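Presented sequentially are two complexes of chain A, the first with chain B as partner and the second with chain C.
Up next is the complex of A and B:
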């Protein structure tokens, strides 16, 4: 319905122009009049979209604009307005322009964290994709107990994220964790999973891959099932090897699904807060801190809470992800996808 | 006009939904008739599983004195409490009436306007009875914002049986600690010391031992990056590198307590707050197996930080009168004697030390002189902010991600950013 009415808005405006101006009979109708007429014709459409506009404005628009505004001030816990019982404290922070952005982009902390965030995102997404693809291909064949396997592989998805992350944290415990007990049983020295910066990086990636595989697998399995089996049969008739079939039928056939899941998975992983926060809290030191966990730290963990810097990082994260989405889309379009 | 009716209904429904969010007035208590009533919510941060039971019982005792008051006891993990309280206090909702505030948090909360000033209220009784070093942390800009509940410091806890087996005495300095740890390893196969690597508070005694400090509040100078600070970072790194101590970058409290309670490590540096939990361990079913000595001295000095907890009242509390009375009750001589007797926690009132519960507690007896000579921390609003930057660098040093020199410098730099105009 919304589509229908919006079309008529355009048409009505066009007619108006044609009759009014081109004949040159007089002054064009004043803008408020047109607005009012638009309102009177389409008030129903406006009423219908109003709640959506309102809700989006309140839950996305306001925080976003407020975040952008705060990132251009020096707001922190000590100078924002607070009203606690008898204590009324007015806001005393001031506008500082782009200072926060200059600090973030010229300092080493943001760029260093960004570097690790990129490593984390690329490795998580690529490993998850490759493993998910492998599992999806295996489970797409008719093997005994296929549904049992599928169920088992979807399990990490069914468990709430924080529960599985805590379970992993117990497994990784250096002294009492199951992993090191197994290694100890085999006569291997325990590994400082979360206590050594390099191992901690490995550990967080492993957990995220474990959590991410079900989504990849299910999405790709759906894609695989939509590839017509005739194509495989024809290829087999022509004597194509398994690898050739995979390379020339499966991969192109999966393309619409895989491009979407890679985009989604990249955005999710880039902002994967719970895994890092609950597993290492960004530690040891700041070895596994990604951009979002560091932004959280600025506004909730340090004292005084630095709201300005936190919003600066938040806005930068948004800009980076938007840039990524735009470039990704453009690349796909040049490769012939109508996306 | 069927469309018109639906649209009107829609608008009306929206308007209804928007206004339906009524206000939930909390039943404010007070003492209009002289009798206290209403609810007092208390956030306690004591250790779950050992200390919390005693504090809960004690808090509920307030209801017996004031039958119309309902005390809501909420146990909040110590590690989360500072942030949780800040979130709640700033939002103005779901904040407790009374919070057990660590000494360094108190000036921070007070400077942010979250706490109610207590001068002239029922919360303060016999102010002169309090230990002066305990009172120091409750003041901010000449007003009192909290009442000291317990005071503490740190010592070295040791497993007497293990040390005996290894044939060593409790070490008094770092050199002795190293030789003792080596002997313990050779004779019993256990690690000498557990050093918490995720909480910089456990680093302070080493810093004081080298003659250093975080900052000097009097001359407004950052001192952590002086040579003494570098030496302290080197000292802790050496302990971990040569196997004297075991450490973790996360879950430090859990790992420390488990390893010590199970006898996997012979010693740990800790405070009175850990006593009740330690005594639940299988190595300490015989209470006498737990030995406590002063923290090992560094190369030039000897010192442990003075800590403790205060009770503070939230400025936005709907039930201030009852909250003041509750704070007074919880910090009274009787309450302090109970916690000294049952939990070996150190009272903040001089007269409580004369009570038989405190006199009979060996641990209170041991810690009392330690507390008296403990190093006072700077009671500045930023006092609670000094640990976050230090913690990052401390863990980095222990896990080999940075050098002691760089760590000291970087900590000092963040302090200067935090403390405007300090040298």
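Up next is the complex of A and C:
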């Protein structure tokens, strides 16, 4: 099974390659006749996708290769090429093979961070999905003031992330934040929302759920509206209860939407840099540090900046997510979805 | 369980357990409204609280009163004493260009992937998905180097290109799903009338795709408007910053003074909310098409 899926990725990469050549940028294609025929048939399709391929190729492709290369060296701030005044110092880092990967996978830091990253991703996605589903179902009914509710509920999405994260920091503030003042008013001791490892974990998840629900809700609401009402009418004729209708019509009907949004939000949450970075900077200690913020820290915040380790973590993140996407697709396909 | 035994009874006369859609007891209505109200309050409150705080004099910023000596002094100070307007203009240029180019590019890509079979299509779809997985942390240093070599650091163009790589993959997927819902017969009729594929796309399909375009524009704009990591790495110098970078500088500069921070937050949220208002009508239809077929 795994062999099959990895083939599809390889094949995909191969196809990419072929497209690159056919735009006449690289080595000559193996079959010029076929290439020319391809060009005359497909030139408009290729023209339409060319800008995306170009931008992604340059801005993502090169950095990726560079990152993979750096992850196999011992590059840090002291040995990369740099200029001090008028002197250009050449790079002196050397190739170390898989050492960084071995260090990362055998050390406790990577695995510990990965553990919390998984807890973070699974809790955020599942809570967001369940709440988003509930709200979407309510909003899909005939209910007074529906569009007003919908506007209010989508609002967190419309506010730039760093503004809403700032708003939450303001509420969470231990001495003067509103949440603790309310608790204090009720005679409860203030909670160190962002200063206690456990509470900080809870706090970051809460903020991410708050940020994520609008996307989930809107996508599921769209999905609900595309389920034909005849199905519900038929179920009503047969005397199905509300729960039975939900279980046997709504859930299967939402399947195409939910599989996509779960995949996307898993990927996004796994790499959710701004929430953690702006809310806690990974603290207190390293308690809320997920893989991507830790990798950022390696290359920007520690001294000397450790580019090699940062790249290693980055490549590992990518590999984990690709594995996830492939397995996810596989599971869906065995269940009969042709996604 | 008891409802299952009720099932043989004709639905119209079913017991109270089998409730039809659109029918509910007053108690259920109250429950639904209560749920929605609580959810809406949680959704709106943090933002509302920032707005209310920005209207209080700075010394009352951390009081729990909703209103206290309402004043615009935070706003006037912000605009007079800082580079806020510059940051705002920079952000507007960068987000505007990213949106314009992003929507166009995502639309052509989505259309090509939706309508044509061509070598590389599958690979492209995979690539678009995989680019979503790239952690900022790996890309940021190499992209920084590329931009430095191209002379695009501290230039809007550098960030615009970078933001395209963030928003276009998702937008292209969404547009593909949206184009899939537009009947192919329209393309064929265009072809019959002698339009080239480009003509068909621009004259027939694009006008029909407005909801999809609105969602794409919303997404691109919000992504560019609120991005922090690249903006703070690529831009230096007070007058070149975007809002995201500027606000961070501002925290250091003013310590924990909430007044100017909240005022800035409100002003930053306004354009985003306006774009949202413009797009929200289309959000549900546009997104669902994208997500269903994506």
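Everything below uses one rule, namely that the second predicted complex is superposed on the first by the 283 of 339 C-alpha atoms of A that agree within 3 Å, B and C clash if a C-alpha of one lies under 4 Å from a C-alpha of the other, contacts with A are read in each partner's own complex, and residues count from 1 in each chain.
Simple rule for what comes next: a residue touches a chain if its C-beta (ideal position, glycine included) is under 8 Å from a C-beta of that chain, and two chains touch if they have at least 3 such contacts.
Fair warning: this is a prediction, and the values are worked out from it, not measured in the lab.
Once the two complexes are overlaid on the shared chain, A:149 sits against chain C while remaining clear of chain B. Looking at the shared chain after the overlay, A:176 reaches both chain B and chain C. Contacts of A:95 after superposition on the shared chain: neither chain B nor chain C is touched.
Between chain B and chain C, it is C that contacts the larger number of residues in chain A.
Once the two complexes are laid over each other on the shared chain, residue contacts for A:44 go to chain B and to chain C alike. Of the residues of chain A, those at positions 44, 51, 173, 176, 300 touch chain B in one of the two structures and chain C in the other. Within the complex, the chain C residues that touch chain A are 3, 6-11, 14, 17-22, 29, 32-33, 35-36, 39-40, 42-44, 46-47, 49-50, 53, 62, 64, 105-106, 108-109, 111-113, 115-116, 118-124, 126-143, 145-146, 161-162, 164-165, 168-170, 172, 196-198, 201, 222, 225-226, 228-229, 233, 243-244, 247, 258, 261-262, 265, 268-269, 272-273, 275-276, 280, 283-289, 291-294. Of all the residues in chain B, the ones that touch chain A in their complex are 3, 7, 10-11, 14, 82-83, 86-87, 89-90, 92, 108, 111-114, 116, 197-198, 246-251, 255, 258-259, 264, 314-317, 320, 382, 384-385, 388-389, 392-393, 395-396, 398-402. If you check the complex, the residues on chain A that touch chain C are 9, 11-16, 18-19, 22, 38, 41-42, 44-46, 48-49, 51-53, 55-56, 58-60, 62-64, 66-67, 131, 134-135, 138-139, 141-145, 149, 151-164, 166-168, 170-171, 173, 176-178, 181-182, 185, 210, 213-214, 218-219, 221-223, 225-226, 232, 236-242, 244-245, 256-257, 260-261, 264, 267-268, 270-271, 273-274, 277-278, 291-293, 295-296, 298-300, 307, 310-311, 313-315, 317-318, 321-322, 325.
The touching residues of chain A, when paired with chain B in their complex, are 43-44, 47, 51, 77-78, 82-87, 89, 169, 173-176, 194-197, 200, 280-281, 283-287, 300-305.
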